[in-house]
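The structures come next, written out as structure tokens.
Note that chain A is present in both complexes that follow, paired respectively with chain B and with chain C.
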Partner chain A sequence: MTHNTTQVKGQAEQDNIITVNNLGVQFEVAGGRVSGLKDVSVNVPRGQIVGVVGESGSGKSTLIYTLTQLMADNAIVASGTAKMDGADLLTKSPREMQALLGDDIAMVFQDPMTTLNPVFSIEKQMTDIQYRLDIPYQEKRQRAIDALDRVGIPNPELRLPRFPHEFSGGQLQRISIAMALMARPKVLIADEPTTALDASLEVQIIELLKELQAEIGCSMIFVSHHLGVVGTLCDYTVVMYHGDVVEQGPTRDVFNRPQHSYTKRLLACDPARIKERSKRLPTMNSDGLEQIEIPAGSYLASQLEQAQPASDTGKQSQPLLDIDELRIRFPMQGKLAALLSGNKDPYLHAVKGVSLTVDRGETLAIVGESGSGKTTVAQAIQGLNEPWSGAIHFQGRDLLSLSARERGKTRRDIAMMFQDPISSLSPRMKISDLITEPLVIHGLPFDSREQEARRLLQIVGLPLHFADRYPHQLSGGQARRVGVARALAQSPKLIVADEPTAGLDVSVQGEILNLLNQLQEDLGIAILIITHNLNIVRHVADRTLIMNMGDIVEQGETETIFADPQHAYTRQLLDANIHADPV
Partner chain B sequence: MNQLTQTGDKQTPEATQPLNENSTLKVLLDTLRRLTRQPLGLLGLILVCSVIFSALFAGVIAPYDPVALDILNRLQPPSAEHWLGTDQLGRDTFSRVLYGGQIALQVALSSIALALGFGLILGLLAGFGPRWLDNIILTLFDVVRSFPTIIFALAVVTLTGPSIGTIVLVVVVTSIPIYGRVVRTQTQALAQQEFILAERAMNASMPRILFRHMLPNVIGQLLILASMDIPIVITIEAGLSFLGLGIQPPTPSWGSIINDGYSFIRNTPWPIIAGGLPLIITTLGFTFLGESLRDIFDPKLRKDV
Partner chain C sequence: MWLFLLRRCGLAVLIVMLAVSALYLMIHAIPGDPASIILGPRATDEMKAALYIKMGLDQPVYVQLASFFANILQGDLGYDVFSQRDVTDIVLEQLPWTLALIFASVFWAALVGIPLGCYSALHANTWFDTLTGIVSVGTIAIPSFVVAIYSLLVFSVTLQWLPAIGAGEQGDLLSQLEHLILPAFAVGLGWVGYISRLVRASMLEVMGSNHIRTAKAFGLPSRWITFRYALRLAILPTVTLLGVGIGYLLSASLFAEIVFARPGIGKLIFDAVSTRNYPVVMGSVLVTTGLFVIATTLADFINALLDPRIRAGR
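And then the complex of A and B:
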């Protein structure tokens, strides 16, 4: 450790609040140690924002959790130092660390829904965290109100006694930020604070963080896999890869003149930075143009042979999917309770008259914020909820008038990919059983489950031994591929993909989209993408449909919408979309 | 790290060979193999196996007839002739404990298996079925639970007469709601999860969702509950036998051995110790076994994958 001292002295002149030198962290697992961080050196200058970017598993979270001693029990600091204002963070006793956290260091976490305690009111939680201050309760309460007001919660006085579930996700994240900043910390650590939020909320939260940081004058460590966000917000950028810092420097330099090949590729993968519309996106390991082979003997291959002529003639006839004036409402009150309270409309109108068509081999994107009703439309197509009125025609048949049995048969031609890749896989089943299940359910011909599973894994580019794994052993990107394999197994005519890129970093996102795109070309599958990620819509969707509050506000060719948005809401969405270049 | 990569490599050749379909035997052997790797699981397995073995072969192992009286040698402490001493009528306690194990296991295993099966099915239906079904099943559960077990047993015995069958019936009826409620709550929570929605989107039938996707996720908790219930059931049997509603004397059961012992506790503690020891061994054995089985059935808790 002695050889580090000179370095620390040298860097102290720059006035860094946090200096991390040659930090190495390992995890003890059954059968040995796995490296989490390798020789990481990072400085956080006083009053500046440092962004840490990298894909999942790159060690960015390990870094901040090591600084705050919030690591899992099996983590071991193998080498290096981490100091804050000259005091060693790694050797602090739990009691000393406790004094530091929430006072000098404050944190904001990824999911605002789970970071606040659901059984206590916001008032209780916000006054409780001021326990170190020796001031009367009324004063603490007033400070909480002021803090809420500062982060833009309307009527803070009235809303203070409310509970977390009575706030929206964006508001909860504002409250978390208010709580973190109430102590006026020297360092704010934000761990993917906008990942769980919609694009337009993301912009608002980033603006808020930037404002508050300047106002309080604290330093900030901002961890994200979203390049655009880091480019917009941060003064310095640290790029991490496999537990290593591959590049760091002022954000402008890193984004405009990347030195390391990883950073270059990472930037090249970001669909927001690709000016030309392209259905094939570059990924970390390729330019996205390679072809995937569909193994002979699989059910898909047998469909491929038949599919060729069908996709040529299909275009002229009626659309594959035709939704007409679809309305869906959910009861908010029982019928009797509504009658008694005189509520004439005890329903939540989730979808208010949506009409759309999807042609064979086409990609349609439905774009909207959460609560816009886009997922409800998707679920209606697959019969997962009951529309109130309207019609859904698939291949010319009215789905809503079919018997449950007949309806079930149509599900063979429609596959759905769900939002959460891991929790949409049955947890006690092996991957091989999961991806071949559609074939079993629909009684389709295949020679053996194991064989078919291997062919499907090959198509989606997963190693064959994954057949014996369970869902919880997969990363988000791998689980997403399993989702694609399962959607493809029965060779559907339409894939409904709900947020197919949520939580994925740009490279994996590109791989999944390329995969879907090629299968679309080969098999003539129509894809309905439901998303709030406009950057990918611009590249992959033929047509785009914008939804807001259960209504379609605008629809048309994707390029037309992006070039010349007609509706005010569309323009607002496009403006909120974060561009990757540093401002 | 080295070891990690090694195990990773081992999987690959295995996966490239054609895997035969999972036969029941293979799963059973696999479970046994995993069980013996955990110290507590192995201990549980040994304890449970020895209890079952001694009950099955009671006739061979037992040195005396369990009902043969020998008034002259009553209330003897353990000796070379009588390993666990004798009771108030001079009967050999060790032989009685062995034969008592037969009764205990018959009652415990059969009633818990039945209660678990019915509870599982009713709980799944209540949790995933239509709301009216849920209401009916829950009402039934509440009605059953509102009877004290002993009063209910009295009523049943009055109608059918005392026998092992009566005890099993009473235990099954009164424990179904316990299992049913656990399963129902779990099922309701699972029904909200995205993977169930995904199965519905694939057109999976209701039985398929219930038995292939819900059941493996609730069975773990049930196994624990069941293994901890086995000693409770044995005590219920003892209690009912004490009231004269269960096993009739002179047939030995662990419960009646302990109850007999209470009357003579001032003379000798040995009958109580002799009746209590197998109860403790059985309880520990089934609890360890149950916990290890849960770990094995839940892939998330598996440490060796």
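And then the complex of A and C:
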């Protein structure tokens, strides 16, 4: 840990509100203990923002939850101290800790949709947390209204009695911030507060946090795997890897003159920082250029032999997928209720006339914020919803006019990668069964399920013993790989990937995209990527299509769109994309 | 909220009507001629025919059904030829006994089961939790009539603490309560297990959720978090279970009623079916079905009051 002490020296004379020294945390699991944090030393200077970056499993969450004693029961502090204003946080009794939380320390969490209690109004939750204050209820209520007003919730007085499910994700995150703000904390801890939000919301939330931090004059610990966000927001940056702090210091130094090899590689594989467009992205362990071997004997390999060279298939007159004037609407009211209330159009028009084509071996990206209708289009291709009008031609056949049985057969050639990798896998099935299931469903030839599963695991770069695991034992990145394996098993012609890299750190993101891209080159698979992550679109997509409120606002060659956006909305999206280096 | 209420009530009426019609048709499919049973083996064909007309059995089934529904709307459940009394009177006479038994059973089961479940969840995987787990599954597994017979043997015959049979002296509330204890114990025991297991499971789930972590992160007192924030959500499935449970017990309390020789709806239906007494069967089943639907609808309303997302009709 020599580099730690040297890095920290510069700030040693500073007034630190939190000093963590040699903190070690272990988890008790069946058959022993595993290490969560090893000898971590971090300082949080008063009035400054400290960013903690690292991939999932690096221990960044363990750090902040240990400081606040909100760890799972199986966590044990093995060594070290964590002092706040001189008093050790780790040895505080639950009652002492409770007095500190919501007063001197406030927190903002990752998933705004689930951080508030669904059965209580915002009013109740915001007044409850002021239980320490000896003031009349009306005053607490007024404080809540003022806080909501401050974070930009329109009509706070009217919205206050509402329930969490009546707000959007972005608004809920503002409310969470308002709650933290009401505490007037000395330290604000934010755990991936923008990960679940769209790019433009992300910018707004970051701005808000920055303003409020300056206003209250508190310190902030900001945990994120998003390098760009940390670079823009934080004064200091702490880089964590495998439960260890590998580098820390002023953000500008860490980003511009990284000392540790891990930091250097982490920065190198951020697609936002790679200027040249490249379909192969560098990852932690490689430059992304090596070939993945497709094991002989697998169903995929047999398809590979039959596959024609990409040059032949690419130039066909007929596109693989051709969507024409697709319209999808969802009823918002019952027919009777609509008739009674005189509502002539009781529908939510999710997709308003979308036309697009995907050629063989091509990658098309549909970009838009949540609510833009991009996922609805993807679901329509898979037959997961009922379009109101329009046509979807796949390999020349109109999918919407096919019978359910015929339609099922076409699914063999269209595979889907779902947005949430773990919850889209059946929790009671083993990985080996999950990834070979498509072969069984479509009655494709393979010699044994066991062997085929091993080959697929090998292709997507997972250890072979994963065959016997269950979905809940996977990390986000591993579950993505299982999703890729499942999509590949049947050797599809088109993969529809809904947010294929959401929630992944840059390195794993690169690995997943490289995998998809190589398989595209080898097998001529077309890929339709649905995402709001412009940084990856710039690298992997041949063509890009921008959607907003159910409409296509712009489409064209990816490079052209990024270089010369025509539509105001596209420019707005590109501006909101955080890729800046620290200033 | 009003739309939710209206829709739920409309559905309830529809369910009752469908259930009663189905039952009416089913009863007519049971072999056995009510007239021959009533009049005995020496009845002439003329006598049977006369009784048929009196009971309205000469009409087509749909006419019988229609007139049955028309009468219900006037509060008339039909006429029992056996006892020469109105079915409404017979059912209303028996109903209070059953209702008292059901509410006493469910009440004590919830009173014990909910705290037990909470405590188990908050002390998950301790010896206490394991013990309550085993005991709970045990009580669920034992049929209520077995509990009834054994508790009768132990508390009435051997220890002679409590009266064995009957429902108590008329007008003597204390005696009636005394007679209620054992049957209510027998019927409710299995529900203690059900309720505690269910509360434990949902409490564990809720305590692990993100919003509970938020409450902790704002330093709310832990009792406050458990009993106001978590229990409010964890109780939802239990309310539904109790709604269904009360409805179910309307007829399932039959065993306790037979063992303890108590009057009640279950026993009434049982006797009426054995004697092909259609009007009484129809009348009492209609009332129990109605109460079943009311109980489950009430549970839905309570859930809607507790959870705003249900009110929104999702």
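The rule is short, and it goes like this: the second predicted complex is superposed on the first by the 564 of 583 C-alpha atoms of A that agree within 3 Å, B and C clash if a C-alpha of one lies under 4 Å from a C-alpha of the other, contacts with A are read in each partner's own complex, and residues count from 1 in each chain.
Basically, contacts are C-beta pairs under 8 Å (C-beta built on N, C-alpha and C of every residue); 3 or more make two chains touch, one makes a residue touch a chain.
Model, not experiment: these values are computed from the prediction.
On the superposed chain A, the positions of chain B and chain C overlap enough to count as a clash. In the superposed model, A:Arg412 makes contact with chain B only, not with chain C. In the superposition on chain A, contact of A:Pro438 is made with chain B only, not with chain C.
In the overlay built on the shared chain, the residue A:Ile18 is in contact with neither chain B nor chain C. By the touch criterion defined above, A:Ser424 reaches chain B but does not reach chain C. Look at A:Leu101: by the touch rule set out above, it reaches chain C but stays clear of chain B.
Counting residues of chain A touched by each partner, chain B versus chain C, the larger count belongs to B.
By the touch criterion defined above, A:Val482 reaches neither chain B nor chain C. With both structures placed on the common chain, the touch criterion links A:Ala365 to neither chain B nor chain C.
When the two structures are aligned on the shared chain, A:Val42 is found in touch with neither chain B nor chain C. In the superposed model, A:Ile205 makes contact with neither chain B nor chain C. Remark: of the candidate stretches 40-48, 94-102 or 148-156 in chain B, the one overlapping chain C after superposition on chain A is 148-156. According to the touch criterion, chain A has no shared surface contacted by chain B in one complex and chain C in the other. Those residues of chain B that touch chain A in the complex are listed here as 1-4, 7, 11-12, 14-16, 18-19, 21, 193-195, 197-205, 208, 212-213, 216-217, 297-300, 303-305.
The part of chain A that touches chain B in the complex is made up of residues 29-35, 379, 382, 384, 408-409, 411-412, 415-416, 418-420, 423-429, 437-438, 441-442, 448-451, 463-465, 467-470, 472-473, 486. Taken together, the chain A residues at the contact with chain C in this complex read 68, 70, 94, 97-103, 106-107, 109, 111, 114-121, 128-129, 131-132, 163, 165-166, 176, 179, 183, 337. Partner chain A is touched in their complex by these residues of chain C: 3, 209-222, 224, 229, 232-233, 306-309, 312, 314.
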